[in-house]
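Both complexes below contain subunit A, partnered by subunit B and then by subunit C.
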Partner chain A sequence: MYDTRFVGGSVPRPDAPDKAAGKALYIHDLIRPGMLYGKIKFSDHAHARIIHIDTSRAERLAGVRAVVTGYNTPEIRIGFIKDNFALKKGKVRQYRDEVAAVAAVDPDVAQEAVDLIRVEYEELPGVFDPEEAMAEGAPLVHETDPRGRPKVDNMVPVPWKFEAGDLESAKRSAAFIAEGRYETPLIQQSCMGTAGCIAEFDLQNNLIIHTKTQIPFLAQNDFNQALAAMGLRGKRTRVIVPTLGGSFGTGLDTHGYEYIAILLAYKSGRPVKIVLTREEEFTALSPRQPTRTHIIQGCDAAGRLAFREVRMLLDNGAYTSWGATTPSVMMLPISSLYRVPNVFYEAKIVYTNNTYCQAMRGYGNPQAAWALECNIDQLAETAGIDPYEFRQRNANVPDEITPMGLQITTCGLDRCLDTVAEKLDWKRKRGKGGARGVGMASLFHVGGSGRVYRSDGTGVIMKLDDFGCVSVLAGGVEMGQGFISALSLTAAEALGVTPDRVSVLTGDTATCPWDVGTHASRGAFTAGNAAIMAARKAREQIFQLASEHFMPRVHANLKRRRKRDPDFELPDFNYERLCDPSEFELRENVVFLKEEPENPMLRVPLEEILRAAHYKEQGTMIVTEAFYDPCNQMLDARTCRGNMSATYIFGTQGAEVEVDTETGRVRILKFVAAHDVGRVINQQTIKGQIYGGVVQGLGYALCEEYKSREGRNLNPNFLDYKILSAPDLDFPIEIECIETHDLEGPFGAKGVGEPGLVATAPAVANAVYDAVGVRITDLPITPEKVLAALKRKKERP
Partner chain B sequence: MKGFDYFQPGRLEEAYGLMETLGAEAGYIAGGTDILVRMKQKIIAPPALISLRRIEELARMGRDRGLLLGSMTPLRALEKSEEIAASYPCLSQAVGSLANPQIRNVATVGGNLCNAAPSADCAPPLMVLGATLTIGGPGGERTLPVEDFFEGPGRTVLRREEILTGIAIPERVPGTGSAFLKLGRVSQDIAVINAAALVIMEGGVCRTCRLAVGAVAPTPLRLRGVERLVEGRRPDPELLAEVERGVRGEVNPITDVRSTEEYRREVSGVLLRRALEQAVRDVR
Partner chain C sequence: MKKTIRFVLNGYEVTAEVAAHKMLLEVLREGFQLTGAKEGCGQGECGACTVLVDGLSVNSCLYPILEVEGRSVTTVEGLLGEGNRLHPIQEAMVENGGIQCGFCTPGIVMSAKALLDEIPLPDEARIRRGIGGHLCRCTGYVQIVESIRRAAEKMAAQGERDS
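So, the complex of A and B:
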């Protein structure tokens, strides 16, 4: 355990006042001199051949400065298997396919010009269901793979399979077995700030792009590749990230609209801004992967888990982005939540003519937890064991190595379970009927970053000025989660200054150090560790300077005091003494001697030391850096084994619900979330983050659903895509942070960004089952489904 | 959104005149919370809009053996009115459940009716309160009961140049109780179903009963068949069960992105029964 002054406190976020006052600059607020407005023409069909694109009328419209299509621009491939293109040629495979775009002097002209573009299509039969897409003779979404070789089916070439132990023999000897089929829908991240960018070129054809991203440095690489494709090999990209109004995974990949803005900016020679409307945000940005899961679990007579078999089918949509890699994270809870020796997991991913999927908070884990944690309740019931007791019997323990090779360090799962049971008054409320019930579900997630790329590194630069203030330049991204809040407290604590002396600066690839991206709940964890390393170096340099300047500064200060106060007697210190750096300590902006920490005369403000170093001949300054890359491993592609994260996070969530059996409406009476967070950095930020996660998770549980008919989104607005808002939260949400003080984390902290919503939906479903005895297996748990299930139960009890 | 001309006449006659000169595609705008959304969605693109905001007589709230509401009264004013809360609780409850305070500050009671959404939250309570509408036009005024106003989704009896000017709600009779209930997917939502009930009781017997339901037919619906079941009887469990069944027989819902036909039919019965029970409890 660390003795801390600021870490663990409860302070407002440094970025909050600007956001609350409307001063923060989002992409929507940014204007560049001479800027044009870009607008994209999307496909009119889910699957069609492009016969002809007529842009002549758009080109002639007054105010239009550039019109681009796939036929008059260089081919730019996007996505990690490069099966997608910035502008489509030949055919469209989803409604959101970009077929043309314009840049014009104002948004209305741009819109008018887009409406003047005529595209002639030959419609093709589409495929919209992943099972149908796997059937023989199904229309092919892609006739060739990214390398041009013919494709014979709709399988995405990203297979996932994990096996451990002996499934068949475990199945034969299990005392109890429970089986279930579970589904999750497409859902949209629903960021308050829609996506957008401004692309511009300098006179040397270097690209500057302000854009909404969580991966400024990987995006820089993507854009450099695009420049190369445009014949600008060797030119540079500078990515600048404005204030983000939420991102939730949307910024983990680069998008068609960014490349289109780049093409339009290059063609027009002017900055080009593209900001998605809310409707486009729904229809043209990548949502969370929908899943169909078949799960079977078994346990022995004592209720110890014996095996787990999970088969999943994922609808990839028409192109491949990070959604296709979410099974790597689903695998974590499937292999390692609770102790289970025999595991089989397989995920198949299929192309369809639906919108293509990407990352969203939790990265597959909410889909996996939905099937796992509902099925755990089924199994506990089959075995005749209370589901809380069942989970306790199988809970993970510290220092365990799981079948996937995950090395658990600290583990607070047992305490999380106990906390939720206690706060829900479990023993008294469980199984009492009266249309009221309680349910719980647990989660397992990376808590010490996750090595999904070859590097899992992050850089931090610490720059001290002669006012004793510190600029912390970080590669991570603040997207609303509290990165700046966490990092400023951690940096202040590690360095020995007060948090008000720290400014965190992020989001510019030209000035900030490299970082692989803000994902996998890694921001505070990795940047915090890097800040501790950089602070250590800075302290060494401060103390080195102090050895020379400390006593002279003490002398000067005391002489000045005597001047003001003639009665003051100059103490008899050895003012000529050269100190040793190891004699010093720095705390709350003051350098002092460890031996005499209480002596008010032997204290020198940090800024005096720094100023003395600047204002001398052959002076110096303090700028330190650190690159932290956690001790974790990439998954072995074949065996799917490897210690992906430096530490893991656990949590349990519980709900008390009441079901209106006449309308099917589920009312939450109380919600409890207990999370093993390692160590709290800022009470306000962490509770806000978990609270936000819970509310987002409750939306997933109860009402969020991206509805489509034959690939076309039917609810591209908040009128009909329902997320929860403040008046819906008429019940207490109690958050308990369980501190396990992990040695890997900054001051013991683990990453907490995503888990708030992972276990929420199954906790609600399990509570609904306890209340009225019906199990809803496909999200969201709508009144229509509950009422129909109650009716079925009545007819066939 | 396409550009458009915008007029703010100060008098009704001026508005009628503008409409005549501007031609068939011009439209009136009240609060604008529906029309502007539809314009941004490119569903409609009127070349000119005539605002009713400056016409003072449309924004008045007054009394004349009952309540007179100018059509441009903001919903927020209805929501805050203590008189409405005391005399016409079903209307107060309906307005309080509509959208959110920001919208209610701008949206108007007349706009909610003229928009003619089958789910309009003001319609069922005004129907059970027996409200009449005054419609003005270049040729003079006419009045009609609110339930005769709607013709279909987005369609009313208003002729192009006509304006809904006022809503008259009869005075509350002692022994009256009323209630409004709404089901949405979340708190701030368009109704999946809404329902209003009004009863006038005499010695435990229901002398008058008016029931209305929204979002379960092309227009908000008065349930006259069910009302006849109730009148002259005591609201006992047997009658309430009959009401539930009766409602299911009278509604004509559809399946859309918000709910299903089956659900709306089933639950509109429940909602009306509960509204009736609540109205009986409200009797003073």
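So, the complex of A and C:
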């Protein structure tokens, strides 16, 4: 446990005043001199051959400065297996495929020009269901793989298979078994600020791109590759991230529109801005992956989990983005939530002509938790054990190594379970009928970053100025989650200054140190650790300078005092001791002697030491850096084993619900969330993360669904795609942060960004089951489904 | 077709040459460079573009510019006092964690102002209804509602002291 002054408090975020005043600049608010507006022509078909693209009328329209297609620009491959192209040639594989784009002097002209582009297609049969896509004779979405080798099926080549123990024998000897099939829909991240970018070239043909991303440095690499494809090998990219209006995973990959803006900017010689409309945000960004899960779990007579068998089918959509890697994270709870010795997990991913998928907050974990935690309740019921008791009996414990090789260090799962049971008044309210019920679900997630790339590193630079203020340059990205707040508190704490002296600067690849990306709830964890390392170096240098300048400063201050007060006697200090760097301490902007922290005469403001260093002969300055790469491992591609995170996070959520049996409507009466967070950095922002996560999770549970017919999105707006609003939340949400003080975390903290929504939907479903005895297996839990299930139950009790 | 309109913007009389089909939001953002009001959806579903017209909160993305002739428009920029002093509602949003990504914030602040101007001490349900036209994806609204409640209390106390 750490004794802290600022970490653990409840303080406003440094970025809040600008946002409150409407002065924060999002991509929508940025204008560059001479800027053009880009607009994309998307496909009219889910699957079709492109016969001809006629752009002549668009090119002739007054105000149009550039028109691009796949036929008049170099081929730019995108996505992590490079099966996608910035502009499509030959055929389209989904409605959102980009076939052409224009840049014009204003947005209206750009829209008009796009409408003038004529594309002739030859329609092809499409495939829209992942099971049908696996059937023999299904239309091929890709005839060849990215290397040009013929493809014989629609399978995406991924290695997601994990096996531990002896499943078959565990199945034979299990006393109780429960089986279920669970589905989750596509979910749109629904950032309030839509995506966009401004691309421009300097006169040396280096690219500068302001863009909405969570991965500025990986994006820099992607864009450099695009420049190479454009014949600009060796040219550089500078990525600048504006204020982000939310991100939730949308910024984990680079997107077609970014490359199109780059092509348009190069062709026109002008900055080009593309900002997606709300409708485009729905139809042309990658939603959270839908899943179909078949799960079987078994336990012994005492209710101890014996095995878990999970087979999953994921709809990839037409191209491959990070959504295809979410099973690597799903594998964590599937192998390691609760102690279970025998595990089988396999995820198949298939191409379809649906929109291609990405990751969203939780990175596969919400889909996995949905199946796992609903099925745990089924199993507990089969075994005749209360589901809370069942979970407690199987709960993870500290210092445990799971079958996947995950090394659990701190673990607060038992406390999370107890907290939720207590706050829900579980014993009194469970199983009481009357269409009211309580339910709970737990979660397991990475809490110490997650090594999904070869590096899991992050850099921090600490620059001290003449006035005792500190600029902390970080590679991570603020997207609303509170990264800047967490990092400024951690940096202030570690260095020994007050948080008002710290400015966190992020989002510019030209000035900020490298970072692999803000994902996996890793921002505060990794940057916090890097800041602690950089602060340690800065403190060493400060104390070294103090050994030179402390005594002269003290002396000068005392002499000044004597000038004012002739009766003041100069004290006799031990000068030798005041020359030893190890004698000093820095706290709240003041350098003092460890042994005499209270002596007012032996205190020198940090800025005096720093200024003395700058102005002395052969002066010096303090700029330190650190690169933190956690002690975690990448998954072994063959065995899917490896300690992916430096620490893990646990949580339990619970709901009390009332079901209207006339309408099928589920009304939440109370929601409770208890999360093992390691250590709270800022009470205010951590609660914001959990409240926000819970409400996103409740939307996932009750109403959110990205609906499509034959690959075309049917609800690209907030009237038809329902996210919860304030009046919907007329019930208390109670949050408890369980502190387990993780040794690897900055001041004991673990990552908290994603987990808030992971266990929400199964907690609600389990409560609905407790209330009315029907189990909804496909999200969302709509009144229609509840009513149909009630009817079925009545007919076949 | 361009027309000249005259209205009061954040306390100052202004004139603007506008295309008749433009909405208030576009004119504020592009004509006056007041980018505090945001376009989140462009069709009146999210509330990010909310401003006050004659004291009533409106979705400026759906408000025809010609309709503001002779009226008084207040944007989030108009709430800021001398020396960048935040309005009590903005201050409460900062102090109570009502802001995360901040994209919905200016709109919510304006609706909260319209609400508190009408009902100085609304109960929680009324606050929730008062911002019912706004979507926020980050906060889950809990700390926003709390912020508005605290702002109301503070403003009411201030009002009592002043009177």
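Throughout what follows, the second predicted complex is superposed on the first by the 788 of 797 C-alpha atoms of A that agree within 3 Å, B and C clash if a C-alpha of one lies under 4 Å from a C-alpha of the other, contacts with A are read in each partner's own complex, and residues count from 1 in each chain.
Rule of thumb we're sticking to: a residue touches a chain if its C-beta (ideal position, glycine included) is under 8 Å from a C-beta of that chain, and two chains touch if they have at least 3 such contacts.
Note that the structure is a prediction, hence the values are computed from the model and not measured.
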item	value
Which of subunit B and subunit C A:Cys703 touches, first, second, both or neither	first
Which superposed partner A:Leu719 touches (first subunit B, second subunit C, both, neither)	both
Partner chain(s) touched by A:Arg665 [first = subunit B, second = subunit C, both, neither]	first
First (subunit B), second (subunit C), both or neither touched by A:Gly480	second
A:Pro783 touches, of subunit B and subunit C: first, second, both or neither?	first
Touching partner for A:Val758 - first (subunit B), second (subunit C), both, neither	neither
Partner chain in contact with A:Ser190 - subunit B first, subunit C second, else both or neither	second
Contacts of A:Pro727 with subunit B and subunit C, given as first, second, both or neither	both
Most subunit A residues touched (candidates subunit B, subunit C)	C
Partner chain in contact with A:Ala16 - subunit B first, subunit C second, else both or neither	second
Common interface positions of subunit A, toward subunit B and toward subunit C	719, 723, 725, 727
Residue ranges of subunit B touching subunit A (in the complex, touch as defined)	1-3, 41, 100, 183, 185-190, 257-260, 262-263, 266-267, 270-271
Residue ranges of subunit C in contact with subunit A within the complex	29, 34-43, 45-46, 48, 75-77, 79-80, 84, 86, 90-91, 93-97, 99-106, 109, 125, 127-129, 131-145
Residue numbers on subunit A that touch subunit B, as the complex places them	108, 279, 662-665, 703, 707, 714-715, 719-720, 722-725, 727-728, 782-784, 787-788
Interface residues, subunit A side, partner subunit C - complex	12-13, 15-26, 28-29, 189-194, 243-248, 277-278, 479-482, 684-685, 687-688, 691-696, 717-719, 723, 725-727, 729-730, 733
